[in-house]
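By written order: A, B and C. Residues from 1 in each chain.
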Amino acid sequence: MKTDWIPIALVPVLAVAALPLIPNTPTWVTLTVAGLAMGMMIFMMASGLTLVFGLMDVMNFAHGAFISVGAYAAASVLIAMKGDMQAASLAANLSAMAPALLAAMALAGLLGWFFERVVIRPVYGDHLKQILVTMGGLIVVEQLIHVVWGPDIIPLPRPATLTGSVLFGDAAIERYRMLAVLVGLAVFAAMWLVLGRTKLGLLIRAGVENTEMVESLGYRIRRLFVGVFVAGSALAGLGGVMWAMYQESVSAGMGMQMMVVIFIVIIIGGLGSVGGCFVGALLVGLMANYIGYVAPKLALGSNILLMVLVLLWRPRGLYPVGKA
Amino acid sequence: MNWLLSGDYPRSRVLAALLILVFVGLALAPFVFPGTRALNVAAKVAVFILLVASYDLLLGYTGIVSFAHTMFFGIGGYGIGIAAAKLGPTWINLGLGIFVSSLVTLALALAIGLLSLRVRAIFFAMITLAVASFFQILASQLSDFTGGEDGINFKLPELLQSRLVCYYGVLVISCLLYLVLLRIVNSPFGRVLQSIRENEFRAEALGYRTVAYRSVANCLGAFAATAAGALYALWLRYTGPDTTLSFSIMIDLLLMVVIGGMGTMYGAVIGATLFVVAQNYLQDLMKLAADATQALPSFLQFVPGLLHPDRWLLWLGVLFIVCVYYFPAGIVGRLRR
Amino acid sequence: MPDALLALEAVNTHIGQYHILQGVSFSVPQNSLTMLLGRNGAGKTTCLRTIMGLWRASAGSVKFGEKEITRTPTPDLARLGIAYVPENMGIFAGLTVRENMLLAARGGALDDKRLEWIFGLFPAMKKFWGSLAGNLSGGQKQMLAISRAIAEPRRLLLVDEPTKGLAPAIIAAMIEAFREVKRDATLVVVEQNFHFARTLGDAVAVMDSGRIVHTGTMSALAADEAMQQRLLGLSLDAHQ
């Protein structure tokens, strides 16, 4: 089976290309890990959106709402379990984080279910209305967050054992970033296994290419839609928590702020491709960190430049999928 | 009257009455509504009527969802701002600023139009979002040129220094440009746009080069937005990222055009007036309501939260969603039934 | 006349504002192969898609045996035993040949004996079993599409232009396959290749401008050159 290795190879290529620009090798290591960690978190936030679009042909502009809601849900749990978070034991920290992550995924997933049934179902097939309606949903949810959790930004300190950095030789690597990379890899591995090795995954991959044909083969794929949407929303919630702890604060607008980066990542990756989303996210994360060090003024715009470069090379993204 | 309105009548008594009310209100604002706040609201209404109308040309008449409209609004504002601040507040310099803004707008509108009108609507929407975001970053990073996050404060030529003259200048020009847009959508060109929106394949089959038409529509809408931006900057004597480029303004635009009524032009008048007035005065009303409901029993304690004045956007958002589902032609459409 | 497995009556289909099917009525006898012929744009593909529920009939009725299936959703039709092979083949390019075939096996696993039979008809399937379907040639893709449709026994097969762009050798294999399938199933095949149509067809229905303008046996049509000329604008000896 021939896999297209070129896009994946871009990640190490970019990392290596940055070496001459960052003369201090330990700094390069730190930045690379930071970039990978950021990329993993963006991947978690974006993967649901690209899969939903690929499978259901729905662009959910309210995806940012799931990110914010997940972060807030987790924040509530973590604040309640402050003691465990501040304890110096990893076990205690994890015992607080685990329910927080679950709460984030559950609430985001629930919101996703509500969205699919009530907000999006009436406008399947009408892209214009989808864009408008989901934008409206984003506004409303953001406001509701204010109603429930108040208007202020909530600080969210990292768990005690995951603050600070670890020294590998001369390179300082933040503990939290290592966790982010691990979680991201775990999520990606899980998605890869489900999509590649299960019949469910097979149906989803086939459905992304040609929903009609899957139905003609006798599968009620529309029933899958809700499930995929909910899973995508839950993932966004998870990404939201991880990101919030990275920033050490939760704000209602954080989801909306990420939308531009998320769009850039899924466009780079190819709409509908989870693998593409992964590669795209890592590239964006690395770029942001390298450029942020080398030329800070360009950092914010570097993503967009990366997107333009990728589109010039492959107009439909790194891994184009069936539906044009 | 027929010539003035380009044959596009309100077609509803209530709507006509509302339009006249708005027009009279704006025309007599300095005298009827005392105070600087009221005049500010009126000026903002005048500017936004034009801006929303320009967006309706794109969204309502051509069926294009673009998130880059605030970029053109900003170009107009910065054109005036940079010219006035760097070159001096003379009429010639302002004219130069407008001229340069127009060129930049033309270039960007053409680029966006030709590049992305060939791709699917969703892709186009996302790209415009990225472009607008990039522009916003540019504006805040090139602070020597654009004043960065703080924006640019500047003085106006002597004639415009009178608030009254400035106000009527803004109102008259906004009115004229609005009528031009009205003329455009009711012209043969406008009718072709509508047919493209209805059924692109058919229009192509009939021989209309749809990409060309949509590109022109894109440019016209962008120009009008730039003009609105220039007017707004003149009124505020200030231009900056949050008055012109922020994403919340883009969202406000969407709300205004949909609630007012897409594809009606008059919807812009209703939507802009409703929104700007609500933005400024609804909050006072909501505060009253919130205070009144403070005494509710504990299980209804979320009610004051929902009525808190800062949550006015929540209600407009809900209204917006309701409009998209049930009133695709917004308030104007409802009134015309 | 044997019982009709499929019966259309006064079926109308609108796509947007275009009225494509304008009252289509015909029936398909069981265990036969009905060729659906006609010029380009006559509505043949629309007809198949309407039967399969991919496009909604705006009027009329479609019956499968005794069952009224006009409003039945597509997946349910497949479960009733109807298979559809679209004009563009509908194979999943990003999946391997094996994965494409797996999807056809709703029960879970593929029947080995049946698989051997398919490999016998289309050896390329065995050769490219692990390859991505997108890397196959046009002819091989078509073979995959047909293989997928016959991976499990079906009662009715709707096939849209199976021989389009195929080399004669492959067409021969296709004919062989269809002959085998015809023994247990009923087929409705849209075709432009007359040689293929004449060789396999038992019954024939000719469409023009969204209506059925002729039904009858294939042998009758094959014998009447004037009728062929009138209905289809060519003679059977064309399209060898």
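We adopt the following convention: contacts are C-beta pairs under 8 Å (C-beta built on N, C-alpha and C of every residue); 3 or more make two chains touch, one makes a residue touch a chain.
Remember, predicted model here, so these are calculated numbers, not experimental data.
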item	value
Chain whose Cα centroid lies at the greatest distance from that of subunit C	B
Per-chain CA centroid nearest to the all-protein CA mean	A
Dominant interface by contact count, named by its two chains	A-B
Separation of mean Cα positions, subunit C and subunit B [Å, integer]	54
Computed distance of Cα centres, subunit B from subunit A, in Å	33
Approximate Å spacing (C-alpha centroids) for the pair subunit A, subunit C	44
For subunit A, residues that touch 2 or more chains besides their own	none
Contact set on subunit A toward subunit C in their complex	1-2, 199, 202-203, 205-206, 209-210, 212-221, 321-322
List of subunit A residues in touch with subunit B within their complex	53, 59, 119, 122-123, 127-129, 131-133, 135-137, 139-140, 143-144, 146-148, 151, 256, 259-260, 263-264, 267, 271, 297, 300-301, 304, 307
Subunit A contact footprint on subunit B (complex, rising order)	63, 65, 120-123, 125-127, 129-131, 133-134, 137-138, 141, 247, 251, 254-255, 258, 302, 305-306, 308, 310-311, 313-314, 316-318, 320-321, 324-325
Subunit A-facing residues of subunit C, complex	52, 54, 73-76, 78-79, 83-84, 86, 90-96, 99, 102-104, 106, 108, 130-132, 135, 148
